[in-house]
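Shared chain: chain A. Partners: chain B in the first complex, chain C in the second.
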Partner chain A sequence: MDNNIYLQDVTISFTTKAGTVHAVNHVDLNVNSGEITGMIGETGSGKSVLGMSVLRLLAANSLISGSIIYKNSDLLQLAEKELNQIRGKVISFIPQNPDAAFDPTMKIGKQIIEGFLYHDKKSKAAGISHGIGQLQNYSFHEPQKTFNSYPFQLSGGMRQRALCAMGTVLSPKWIIADEPTKGLDAIIRQQVSQVFLELKKTANSSILLITHDLRLAQKICDTVIVLYAGTVLEQGPAGKLFDEPLHPYTCGLIDAQPHRKLLPLSGMPPSLINLPAGCKFHLRCSCRKDICCLKEPALLEVNGQWVRCWKYA
Partner chain B sequence: MNDILFYLVKKLLMIIPVLLGITIAAFILGIISPSDPAAVLLNMDGVSTPSAQEIANKRHEMGLDRPLIVQYLSWLLQILHGDLGISYITQRPIWDELMLRLPVTISLASCTLLLVIVTAIPLGVFMAYKNNSRSDFVLRTAALIFTSVPAFWLAILFMWIFSEELHLLPTSGYGTLAHLIMPSVALGAGTIGILMRLQRAALLEVLEQHFILTAKAKGMPFPMIIWKHGLLNSLIPVITLLGNYFGAIISGSAVIESIFSLPGLGSYVLEAIRGRDYPAIQGYVIFTGLVFVLFNLLVDISYLLLNPKIRLGGK
Partner chain C sequence: MLNISNITKKFKSGLLGRTHTFAVNNVSFSMKAGQTLGLVGMSGSGKSTLGRLALKLIPGDTGKIIFNGIEISDYTMKQMKTLRKEMQILFQNPESSLNPRMTIGESLEEPYRFHDIGDKKYLGEQIEEQLQFVGLGTELLGRRPHQLSGGQLQRVCIARLLLLRPKLLVLDEPTSMLDVSVQAQVIEVLKNAQKKHKISYLFISHDLDVIKACSDEIAVMNKGRIIEQQSAEDLYKQPQEEYTKQLLDTFLNF
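Coming up: the complex of A and B.
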């Protein structure tokens, strides 16, 4: 039995006053264990929603169909009690927005070791020393002091690192990290990416990295998934995907980076309430053909990469 | 430590203008009262009819012919010395009268407050936990009824059930805890209803926050998340409003005390109002104003415990 996470025909929508928001549409994915898998895309591409759905952390107005299989059980069907044995301990989730992700009335250290004490039933003293060691791993200079600080006493970068420390406190098999380097300066970003590489190597953790930092994805990911309007447009080994991107959208994303051509993608992502017919990207695509507006292409294998585009059909 | 001191000094200084405002309101009450204190005093026995000259002399003697601002300042000075004047009716110092009745009202108010806290907060939390279920709906309706029913009606209902029919509790008087049960419930019912709904709403709002999601991702069961992360964060707005509703308890106690014949401040002021005993009413206004302000100071102090940002001087 492998430790991969299999997403099968996962569709997620939200019921809102404005209408039904189709955040994720028929996603089939194998996320391989032992790897760092990057999930990239613009804001609203559904990458965070997809990440959160693995642990069923979505808001009450969400509707999920399909299945998410881990070790022969469907995470979407598990009872809450069984799921809680997986949350944090086997699969952990590092939320985005470190400013709001901590309880403002509880000390950082207590929040970091909370899950550790709950799952591993260790003594408080053991928890504290483990927590402080954990903070040390994330290059806190005064881990003891940070441990006893309240969230508002730390800077944004410190909170982000503390959040990573919290997500990895139980050395989980899987880590789903939602924008873990958002708002960090270059040096800290370097440290955090180092930590992920080390987690993969030493703790043998598998990581699903949700990010729009393409350079980070290029540097540390083994596999990269490109998401657009809740649909997988391209998937492949990181090296290949960044060197020879196949989908026009992936090309556009890469060219939009400051150290490349700094060429912004024209247009806006489509409304998730009224999704366009055909290929979801056709409105902004420079290689648009007639068929693109009519029929959505299937995900096809091209030279070891997977791509959803009529160019390769 | 310095931050805490600074916070407390700031809160204490803010009390001063509030207290001055209360004394001005009380003073104006005396001014606009239709009866002339000099005439009232001279006619205490109810037989003599004082002449205009006698009244004018008395007015001069009492300093009522001085400019208002001078009257106010000298009156304020008196109050600061603990002298609230003499009651028209009993001819005794009002300060002594109020101090005599204060313990009754304080014990009624604290009993009520305690009852409100130990019932409304747990019930509100339970409602939020069971959000939109049948028990939530039942409790929400109950809360609405508590809020809508007048306290005096509840008081009469309780007397009929528990005293007349079941002979469990005394209808009136003061002395034991049993004497305070019915008055406290009747007085607190409205506040319990409001606070239940408030606690429910505050907790539901907290449960929408990101850090609750973080806690869920740790795999802790939902009741544990509410206890560890939801409750404390939801208490801050609830405690704030509790400070305001304490005013309702104090003013409501006037009616309740007179129904249950509790010899407290409330029944005293009702008598004073009936007898147009303006100095006594003034004294009551100042006195209860002070109690209200002190209670809100207590609320401010409780923030120190609830909110580390205030305790540690965050922005």
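Coming up: the complex of A and C.
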């Protein structure tokens, strides 16, 4: 039995006043264990929603169909009680925006070891020493002091690292990290990325990294998935995907980087309430053909990469 | 157009304010009209404080600020009002820059009214022109901030600034909350605005890719001081200071 996470025909929608928002549409993915898998795409492409759906952390107005298989059980069908044994311990989620993720009235340390005490049923003293050790791993110079601080007493970069420390406190098999480097400066970004590489190597953790930071994805990911309007447009080994991107959307994202051409993609992402017919990207695509507006292409294998585009059909 | 010499700002903290932190320590620099000075440094290096000092949004402890030949170091906030429309700032987070209770149209009008620039008809035309310039339509005017995306909001903020015809803009991490494609759009708009209106930018960022793409000259800050200032090209080719070398290396080949 492997430790991969299999997403099969996962579709997620939200019921809102304005209509049904189709955030994720028929996603089939194998996320390999032992690797760092990057998930990239613009704001609103469904990255975070897909990440959160694995642990069923979505808001009450969400509707999920399909299945998410981990170790022969469907995470979407498990009872809440069974899922709680997985959350944080086997699969953990590191949310984005550390300012909002911490309880402002509770000390950092207490929040970090909360999951540890819940799952491992150890004494409080053991929890505290474990928590302080954990902070040390994330390059806090004064772990004892940080442990007893409130979130507002830490800088943004420190809070981000503390959040990573909290997410990995039980050395989970899987870590789903949502934009762990957003708004961080170069040095802290490097520290956080080192931590992830370390976790992969020493704790043998598998990581699903949701990010806008293409440089980071290129540097530390083994596999990269490109999402657009809740659909996988391309998937492949990170090195290859960034050197020879196949899908026009991936090319556009790469060219938009400031150290490349700084060329914005034309147009806007489509409304998730009224998704376009055919290929979801066709409205913004420069290589559009007639068929692109009519029929959605399948995900096809091209030289070891997977791509959803009529150019390669 | 802007000359700053020996400016210092210290913050007091702790019991009875006995702990002093020099956020900006004896910094001097000057800016040319229509050009961009990039300001890089780590979190806490004093970049944002320096940007606010340059606009006199916060008072400095010592030092001289000369804007277009006028010394404004000792100007009171009241005196600053006449110059304020020429010296503006664009913030990092557009969601917290706009009042959630006001429509986009109201937000756009507010600074214009405050500075009492022209009549309502003229204002309407101006708003339409500036929205078009930043790539937005007038259908947004009746909406409220939560109905717009981050990129749209940041462009609304830029349109609102352009209405005042500023000569100096401090851009405080204007794209760090935006994704890579929207970032490219916003930078394009900023560059076009600079070309059209000859605005000087003080561009604050910790993203060395963005700074390189946007700046004519770059100043590197560390612990409240500017430790190096060079043309953008030279800085990346031959950084003089060890700290700059480290910074470049960490960012580009981490």
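The rule is simple: the second predicted complex is superposed on the first by the 313 of 313 C-alpha atoms of A that agree within 3 Å, B and C clash if a C-alpha of one lies under 4 Å from a C-alpha of the other, contacts with A are read in each partner's own complex, and residues count from 1 in each chain.
As a working rule, contacts are C-beta pairs under 8 Å (C-beta built on N, C-alpha and C of every residue); 3 or more make two chains touch, one makes a residue touch a chain.
All of these numbers come straight from a predicted model, not from anything done at the bench.
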Name the contact category of A:Gly44: first (chain B only), second (chain C only), both, or neither. second
In the superposed arrangement, which partner chain does A:Gly252 touch: chain B (first), chain C (second), both, or neither? second
Which holds for A:Tyr312: it touches chain B only (first), chain C only (second), both, or neither? neither
Once the structures are superposed on A, label A:Tyr6 by its partner contacts, choosing first (chain B), second (chain C), both or neither. neither
So, A:His212: does it touch chain B (first), chain C (second), both, or neither? second
Mind listing the chain B positions that touch chain A in their complex? 209-211, 213-222, 224, 228-229, 232-233, 306-309, 312, 314-315
Would you tell me which residues of chain A are touching chain B in their complex? 55, 57, 80-81, 83-89, 92-93, 95, 97, 100-106, 111, 114-115, 118-119, 150, 152-153, 163, 166-167
Which part of chain A faces chain C closely enough to touch in the complex? 42-44, 155-157, 182-190, 193, 212, 214-215, 219, 252-253, 256-259, 262-265
Please name which positions on chain C make contact with chain A in the complex. 42-44, 149-151, 176-185, 187-188, 206-210, 212-214, 247, 250-251, 254
